[in-house]
Each structure stands twice: as structure tokens, then as C-alpha cells.
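Pasting a structure below so you can have a look.
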């Protein structure tokens, strides 16, 4: 039997790896990849809590399914923004997109 | 704890990766390799290659992928409804109908915008 | 150590190693391919959690559609993100430190929680199946509003993505 703690630690580690990717990468697509890792870590947590704490309650599964849909929407719009940015500014390096900075 | 019905998938996965690895390893082990600079060049019908091999692709590919995501999620949401469809009868049909019509709006937009054209 | 625990450790190790490669490799195509390995590992974790439906959803949506979107986006923006450009910004050390601190904090916070070592309860007749999920998603006292709103969100996202990425003709 796998204790719940193993899933939680794995998800926490994956979340932190994703956070590092978001904070440290320059390429905007790499930043979105980091966000994907974080979303996956959260979804592992949701499903693990459903299975371990309250498997009779369907809310955990419904919640996880909505997270999937939101993740897909987020990626489609995020990557479209990056493509539009590339077309106009010819860069996708996050630091060089500073037109609105003071 | 883990149901046995996943065993065939695991066996298939191990077989597929094992076979792929085996073919690559066998090719490396028994194939003669005498590389020269000219042999290692990218093949471009006998011409000397010009420019980088990694060109940009057209944005139309991305449009197709976005459309694909829409229908992909539609299928995933259909599945739980579909196994219960008979009991839910007209009410379920109404709910899933609203869902589908809403998603079709996006598809029609893509169509009218010409995002699906491949001239 | 049961077989299940060894299996979990193996999969967890592969998933975590692949996710570290996602954020550390310079080559964006490789990063996207490592993301697929990570997502597959998460799908196997769903199987271990007896959530077979979510394993399928993970493969269909994440591996089938989202990673394809990433690979297309990488190929669309390829010539400016060469291997010679720096992959990390100046504050990457601070970012690594912050990530480690967050992990340590989460670990400590979770350790103090009483439910940390819970083992999964056995499945009973009440345990929901995919039929119950279908019923919950469309029934009025269930999740019918989130279900319909999800489609609105998807349409909005899709129209937005097409409008933004397609540009002027």
C-alpha cells in the first residue's frame, strides 16, 4: 500500500520544478511548459485526495476533469499569444517583451 | 490494488519500447560505420544544403491543432455522458446538445475565418 | 516494500527526472518531448490511483493534443530560439533557491498534518464509477453548470487563440 504522503511529496516536487522553470527560463514557451508541470502536479493532488480521503464523493473527479479543460484552454491561448508576439516583435524571450515596463 | 486489466497495456508498452531499443542496438552493433564529413551532411538531393535545417512552419498547422484540442475535449466530456446516455434520455441529450452547439460556434468561427483553408 | 511501492518509486523517479529535464534542457523540441515523458508518468500514477478514466484523459488531452500544440509552437518560433542563446535569465539561482524553499516548506507543512500517512480505503459498492461521473456531470444537483461553462470557456479560448494567432490577412 502506497501512503498518501508519497503522492503529495511527488506532486510538491513536480510543482517546485515547474516553478523553477517559470521563474528561470527566458523562452516564453519554456515558461508555459513549466506552468504545465505545475498544473499536472495539482491534478495529481486532486485525484490522490479523492482516492485516499473521500472516494465516495464524485466531486474530486469532476474537479479534475474541469482542470483538464482549463489547462487545454490556457495552453491554446498562451501559445497563440506567443505566436502573435513573435510575429510582431520577432522575439519570444520573456525579458525583451518590455514595452509596458516603465 | 492495481487492477489486472492494465497488465496487457504494460506488456504492450514493454514490448514496443524493447523492440525499438533492440532494433537500434542491433543496427549499431552490426552495421559498418565509416563516417566521412560528406556522408554526415544532411541529404538534399545531392546539392550542398543551404541555410539551417530547422525552418519555421506555417501558422496553419497551429490552427489545425487548436481545432483538434476542441474536438479532443469534446470527446473526453462525451465519454462519461455516453455510458449513461440511455438512462438520462432527453434531459441528457439536451445538456449534451447545448454543450455541442456551444463548441460548434467555435468551429464555425474557425471555418468562417478561413483558419481551416490550406491554399 | 511491496511491488506496488517499488513500481511507484520507479515511475515517480522517471516522472521527476523528465520534469527536471523539461526545465533544464536548452533544446525546446527536446523539452517538449521530455514533457510527454512526464505526462505519461502522471498517467501511470492515475492508474495506480485507480483513476483509469483520468489516465485515458491524460493521454488523450495532454499527450495527444497539448504536447502537439507545444511542438507546433516551438516549430513556428524556431529560428530565434537557437541553441546559442542563453536559456536561463540572470536570476535563475534565486529561482532555484525559491523553488527549494517552497518544497521544503510544503514538506514541513504536510508532515505536520495528521492525514499524511493515510492508506487508501478499500473500494465499496458506493465507490463511483465512470457512470456516476456521467450522472454527476449532467444532473441539475450535480455539476451541470460547470460542465456547460467549460464549453463556453473552450469556445472563448479557441476563438481567442485563432484571432490572436491568425493575424491580419
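First chain written, first letter: the chains are A, B and C, and each begins at residue 1.
Keep in mind that, in the parts below, a residue touches a chain if its C-beta (ideal position, glycine included) is under 8 Å from a C-beta of that chain, and two chains touch if they have at least 3 such contacts.
The structure displayed is predicted, hence computed values, not measured ones.
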- line: Most central chain, judged by mean Cα position vs. mean of all protein Cα atoms, is C
- request: Please name the chain that ends up farthest from chain C once chain centres are defined by their CA atoms averaged.
  value: B
Pair joined by more contacting C-beta pairs (A-C or B-C): A-C
- request: Could you please state the distance in Å, as a whole number, between where the Cα atoms of chain A are centred and where those of chain B are centred?
  value: 20
Field: Averaged-CA centre spacing for the pair chain C and chain A, given as whole angstrom
entry: 6
- request: Calculate how many whole Å lie between the centre of chain B and the centre of chain C, each centre taken as the average of the chain's C-alpha atoms.
  value: 17
- line: So chain B residues touching two or more other chains come to 1, 59, 62, 66, 69, 72-73, 76-77, 80
Query: Could you say which residues in chain A touch two or more other chains, in rising order?
result: 1-2, 65, 68-69, 72, 75-76, 79-80, 83
Multi-partner residues of chain C (each touching 2 or more other chains): 4, 48, 50, 53, 57, 61, 65-66, 69, 73, 76-77, 120, 133, 137, 150, 154, 158, 161-162, 165, 167
- prompt: What residues on chain A touch chain C, complex-wise?
  reply: 1-10, 12-21, 23-27, 29-30, 32-34, 36-37, 40, 43-44, 47-48, 50-53, 55-59, 61-62, 64-66, 68-77, 79-84, 86-87, 90-95
Statement: Note: in the complex, chain A contacts chain B through residues 1-2, 65, 68-69, 72, 75-76, 79-80, 83
Message: Under the stated contact criterion, what part of chain B meets chain C in this complex?
response: 1-3, 6, 52, 54-57, 59, 61-63, 65-70, 72-73, 75-77, 79-85, 87-88, 91-92, 95-96, 98-99, 102-103, 105-106, 109-110, 113-115
Query: Of all residues in chain C, which touch chain A in the complex?
result: 2, 4-5, 8, 12, 15-16, 19-20, 22-23, 28, 31-32, 35, 38-39, 42, 45-46, 48-51, 53-54, 57-58, 61-62, 65-66, 69-70, 73-74, 76-77, 80-81, 85-89, 91-92, 94-96, 98-100, 102-103, 106-107, 110, 115-121, 123-124, 126-128, 132-133, 136-137, 142-143, 146, 150, 153-154, 156-158, 160-162, 164-165, 167
Chain C - residues contacting chain B, complex: 4, 7, 47-48, 50, 52-53, 57, 60-61, 64-66, 68-69, 72-73, 75-79, 120, 130-131, 133-135, 137-138, 144, 147-148, 150-152, 154-155, 158-159, 161-163, 165-167, 169
